[in-house]
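Have a look at these structures, which come just after this line.
Next, two complexes with chain A in common: one pairs it with chain B, the other with chain C.
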Partner chain A sequence: MLRSLPRALRIPSGAKRAATAIGASFVATALLILIAGKNPIAAFSAMFYGAFGSMDRIAFACNKSTPYILCGTGIALCFRARIINIGGEGQIALGGLGAAWVAFVWPQHSAFMAVGTALLAGMAAGALWSGLAAAIHLWRNVHEVLATLLLNFIALLLVGEALHGALGEPGAGFPQSSMLDNAYWLPVLATGSQLHLGIVIAVVVAVAAHIYLWNTTGGFALRVLGASRSAAIYAGFSVSALTMKLMLVAGAMAGLAGAVEVLGVHYRLIEGFSQGFGFNAVVVALLGALNPLSVIPAGLFFGFLEAGALAMQRQVGVPSSLVSVIQGLTMLFVLAALASTAQRKAA
Partner chain B sequence: MRASPLLEMRGIVKHYGAVRANDGIDLDVSAGQIVGLLGENGSGKSTLMKVLFGMVAPDAGSIVFRGKELSGHLPREAIAAGIDMVHQHFMLVEAMTVAENIMIGWEKAGRWLRTAEIAEMIRETSAGYGLDLDPRAPVGMLSFGQRQRVEILKAILRGAELLVLDEPTSNLSPPEINGLITVMRRLRAEGKGIVFISHKLAEVTAVCDEAVVLRDGRVVGRAPIAQTTRADLARLMVGRDVVAPIVRTDCAASDPLLSVENLSVDGPDGQHLVSDVSFSVCGGEVLAIAGVDGNGQLELVEAIAGIRRPAGGTLRIRTTDVSRAGVAARIAHGLSFIPPDRSRTSLVSEMSIAENLALRDVRQPPYSRGVFLSPRGLQAAADRLIEGYAIRAPGGRTPVHQLSGGNQQKIVVAREMDRGPKVLVAFQAAWGLDPGATRFVLEQVLALRGAGAAVLYISTELEELLSIGDRIGVMFRGRLAGIMRREEVDLERLGLMMAGTSDDSATLAA
Partner chain C sequence: MDALALDLLVASMRIASPLFFVALGGILSERAGVFAVGLEGMMLAGAWGATIGTFLTGMPLVGIVASIVGGALVASAVALVAVRFGAEQMVTGLAVNILTLGITSFLLRMAVGGGRAPVIQVPLLPVWPVPYLSELPWVGPMLFTQQLLTYAALLATVPAMLLLFRTQMGLTLRAAGENPTAVFATGSNPMRVRMLAVIASGAVAGLGGAVLCLQQVGTFTDGMTAGRGYLALAAIIVGRWMPVGALVACLLFGAAEAVQLRAQALALPVSSYTIQMLPYLIALIVLAALGRSARLPAAIGVAYEAPKRPSA
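What follows is the complex of A and B.
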């Protein structure tokens, strides 16, 4: 798969393809629910209600989508340049760690400074992690898939180490940090709602990435590199500088996602808070056809799906892990659609 | 003389737009006969073979093979009928063994692979033809010549009665060429027919029974080898069009624009790909370098263009030392480069014409302002260059892969010329182009020379080099064998130098 993946990325088009993939995965999931002896229509309607049933539900789902959009945008940029960065998981974890760490080590009292320093620290930590992977890739010639993947495990252990040590809440009995000071909480968009600033940051980042990709000379170089490495060298673009730059940017976006999660949802660092985000973000990027603007709806889809899943589990008794099945199947169907288009093109 | 005609192609016509790639070609091959198909690039050889294999449908004409008419056929059906082809680019899987490669897509290999049995069959057959192949060797470990033998063996085992060899010697060393010729003679003795596509006259006269010469899509000569000479064939092949450029400037008169001193390039395993090459080119001069593919030409031009890091040596543009400069800095110093590979290097086929025209200058106006691309600048430049270089395309937004090879190369030429370079380095710039497009490229290069630029023009096509070069050099095994003035060129000696057998190459080295 690692070998065929980059080639499959060549044809970025198609809301149609995304819709087909999603539709097919729902049909397959319905069959699974039937086999489990439940009513798929009831399950799906519970899911729909759970996702869209009230303003609170919608806010909850938007918050869930935020890290997907942030991390997925960075991954989309990397994949488009044929840099297969699957280190989102670790970069998110480190982003959360960075944000919490700076909050405890260098406490700020004005909300602006507090949120600002914590978000920047999260971005820096994520970029550090992806930069490390890029450095290993560029200077030691290790494939970027391996470098980014393996660093994920180390990142998770680092977060665990911090929570069992310096950052851990005394006497909590659970690996988590103390509650952050109020000043660090991400402002909510409407009083009384859970919806925090994160979704706005995510949309701004995705739009900025879109402008970068299509309207700047740097984005031009990225697209050339993705289409043909030898053309990029011929054009005078430095492949290693570009790789490093994109990895740093993607890492910063993933780190931002982790920081937003800590400051906006949990108000503290919790072990395992980043579970699965990084890999789902890869699916989001592919579902969005590696187009930063399309990553927004793709991320929202995943967020709403997860929000709905919890409700489905409560009301119908269908396990919410089925949502992971839907996500996995969506990914498979998207990849299958990409691969078949690539084949048709080659023939 | 030979009774049974194996293949009869009659009146084959194929047009690509206005270009008549094949214009009423007849081709006959008998069993036990080797026919040399001669012609320059773009003379219609490959189109004719594509028609034979059913890869393109002819506009007119008929093909009869072993008494049966072939029309509207697929390549698969041509192979089943007993026609096979060894392409210049091999169709082998490097990670698999010789036996596995031969079994791929071969019905006789069976559904349940009888590897040992097939390996034995390969060993026997290859020994019988003097091919000498180990069925268990991974193809990736084989030399170029050995891979070619795998392809030939594949064709023999599949029962080919007619074998087309497409420029089979262009990447072979002299001993490998002799081996190939031996194999061809054995095949002839077995009663197989062979079409030998080449533009190397010595090989054609050595092995063929008959020569058919194509030019501009027509048969311009057809003769039994015994009744013709190399000189006759050369004249037929090149036709009236080889005109030596008019005025030759004397390089000593002005300072060199491009000078290369002791340039060496090493391969990943420390082998010397380019050894100690020195030369200089003056403004208004074309230095043409000949050589069989793979003798270090690619590495030389890539080192000059800044794409490949040399092991040593100095490169100057006028008096500026650019040995340490990157690609972009060399472009800024006035160095333009036309690389051989259009599909992946000099063009990005999925991007638009406008974007490809901006490829190497995108950080300059009019293509961008600060960090932002200027869509208007891109479009205006595209409109101007499409018009100026007669690129046949609907507009600047058209993706490059929709264009013909000739129009694609016009984009590259337009981009590299429009910069107003001091120095142009071109490698196989007319490769795979039809005669019209080839002429266009050569004319553009000569126009640039007329404007006072220095041109380094590297090709494997001798006639092309002779028609454009003020001085001619030859590369062999990474060394520049000797540079002579166009007037002093002796074709025979040039050929020998390309084969590395010239005993006076040492004295020629300037």
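What follows is the complex of A and C.
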């Protein structure tokens, strides 16, 4: 019956999987809320109104989604080529550091130059870090997951180091830089709103990644590498060059996410500003079935979820840490579903 | 200067002690062929169990048992998704870490806090100086004037070594990490071996959480393990998947943190952040230096699938 539907109307299996995983984790979370003696319907509706209740809240949620979409897109490209890059956490942190650093050492006065140099510096810093991981992986045959994971912690500490040294705001009780000059602030999309340019950048990046993946030779090589390493070698693609290129691209996207967060939300570098972003972006990439276009709704889902949870905690007294439960469960369900489909295909 | 050095040694030991169990647990999992990224979550669940168990019953023993159960529960999720279903092990580990962070924080507020973060205190385990031995110079204060679980962790290395390298069970476990098909050929089920090893690793790592709670912090706070699980992962690498090696690596990392905490008093030329980077840097350097010869279990990270019956 379903098979007779025209192709365009068929729901892709990735979307079904994502919907099932999200549904299952919401059911599990509802049970948790019930056990805790609260009303799950009240909690979820508070969450919904918290996320969509007003233009301001929607803007807030979109801003929260931006780093997830940016970093998730890069991770999706890597994972699709079977390069397990979990270094987003560190690459985002360094992206923020790069943006703030260039703003202080090479101040620009026109807004165009200021934002442009800072975003580029963020991308370069992120790419430097992922490139380092790729180099260690390729030259010394270190598992890329271990290399990216260990570099995360070093990057976070580097940000701390910078904030306690040259970049730190003198006299501030908290490890943060001074406020950036006005020229560096990302423009808002509508006056009076807090929605900044970041979401547009994120969508453009995701669309570009989609075109790259499906309509270019590079994207083809990436897909071949993901499907079969030996086929990629046989086809004459250089696996190490591809790996390095993809890691650099993913790092640049993560770095851009960090730069956007600094220029669009905080207007300064703050220690721990990127806590959890990189790991959550892995969930977003998987939820988006490693498809750059689908990473957009997956990232938006996360952003709205987090924005809504804060309102839920205020109004119903259900702790917002429930978000991590939903995120973790969703990720486990998607992983389990992906793996069991792969097993069935192999059988 | 002697007093300072002694103080450093004692502090290194104290800081390293929660890591010992976590690293031991991680070795069980990685030797069986499953990356132990979930250690952070297992340890956190252990700390939660230890705090709540001790708080509710007033008995630290109940807390310790609860920490074992908590760690094993988190590990069961890894065993199911990463081993049974064969999902990417590292990413599964990340997922359970996120999940545990949320669930411990949520349950803490709902179970005892009535919706808010509760203020609970549990008494710390007493220091028990070993008679005679604790009076020895240097090693006395460092090794023999400790809290009970620290002794347990140090002693646990011996049965861990014996289990891994001197028993049939240990051989099967290591074989599951090196060549699961060989395990299958001997009539055992590599998937079962791996699942059991992962759950056991969670139980042991959970004890590490108990050490953190019952010997040092005395309460539970959100995400209180603060990356110690990942640090233990680095210790396993530096210790090259050997219990004693990992123990020494933990001690080394403990020393780095002890020095960092005293950075100002010692008037060191480097910042505390640089010193905190050392464990991860050392782990990376060890991995990079060993390169191909790093003795990672050969089949680590590779999902095992049972061979198909030939169709009739």
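One rule holds for everything that comes next: the second predicted complex is superposed on the first by the 334 of 347 C-alpha atoms of A that agree within 3 Å, B and C clash if a C-alpha of one lies under 4 Å from a C-alpha of the other, contacts with A are read in each partner's own complex, and residues count from 1 in each chain.
Throughout what follows, a residue touches a chain if its C-beta (ideal position, glycine included) is under 8 Å from a C-beta of that chain, and two chains touch if they have at least 3 such contacts.
Since the model is a prediction, treat every value here as computed from it, not as a measurement.
**Q** Consider chain A as the common anchor and indicate whether chain B and chain C clash or fit when overlaid.
**A** Clash: chain B and chain C overlap once superposed on chain A.
**Q** Per the contact definition in the header, classify A:Leu150: touching chain B only (first), chain C only (second), both, or neither.
**A** second
**Q** With both complexes superposed on chain A, which partner does A:Tyr234 reach: first (chain B), second (chain C), both or neither?
**A** Once the two structures are laid over each other on A, A:Tyr234 reaches chain B alone.
**Q** After superposition on the shared chain, which partner residues are touched by A:Gly165: those of chain B (first), chain C (second), both, or neither?
**A** In the superposition, A:Gly165 touches chain C alone.
**Q** Regarding the shared-chain residue A:Ser177, is it in contact with chain B (first), chain C (second), both, or neither?
**A** Touch status of A:Ser177: no partner.
**Q** Does chain B (first) or chain C (second) touch A:Thr243, or do both, or does neither?
**A** Neither partner.
**Q** Looking at chain A, which partner touches more of its residues: chain C or chain B?
**A** When the residues of chain A touched by each partner are counted, C comes out ahead.
**Q** When the two structures are overlaid on chain A, which partner does A:Gly218 contact: first (chain B), second (chain C), both, or neither?
**A** first
**Q** Applying the document's definition of touch, where does A:Ser65 land relative to chain B and chain C: first, second, both, or neither?
**A** A:Ser65: touches no partner chain.
**Q** Tell me which region of chain B runs into chain C after superposition, given the options 92-100, 182-190, 362-370 or 380-388.
**A** After superposing on chain A, the clashing stretch of chain B is 92-100.
**Q** Go through chain A and flag every residue that touches chain B in one model and chain C in the other.
**A** Dual-contact residues (chain A): none.
**Q** Per the contact definition, I'd like the list of chain B residues that touch chain A in the complex.
**A** 305-307, 326-328, 331, 337, 339, 341, 344-351, 355, 358-360, 362-363, 367-368, 371-373
**Q** Quick check: in the complex, which residue numbers of chain A touch chain C?
**A** Chain A reaches chain C through residues 32, 35-38, 84, 86, 136, 140-143, 145-147, 149-151, 153-154, 157-158, 160-161, 164-165, 276, 279-280, 282-283, 286, 317-319, 321-329, 331-332, 335-336, 338-340, 342-343, 346-347.
**Q** In the complex formed with chain A, which residues of chain C make contact?
**A** Of all residues in chain C, those touching chain A are 35, 37, 77, 80-82, 85-88, 90-92, 94-103, 105-107, 109-111, 115, 222, 227, 230, 233-234, 237, 271, 273-274, 276-277, 280-281, 283-284, 287-289, 291-292, 294, 296, 301, 303, 305, 308.
**Q** Taking the complex as given, what residues does chain A use to touch chain B?
**A** 10, 215-221, 223-224, 227-228, 230-231, 233-236, 238
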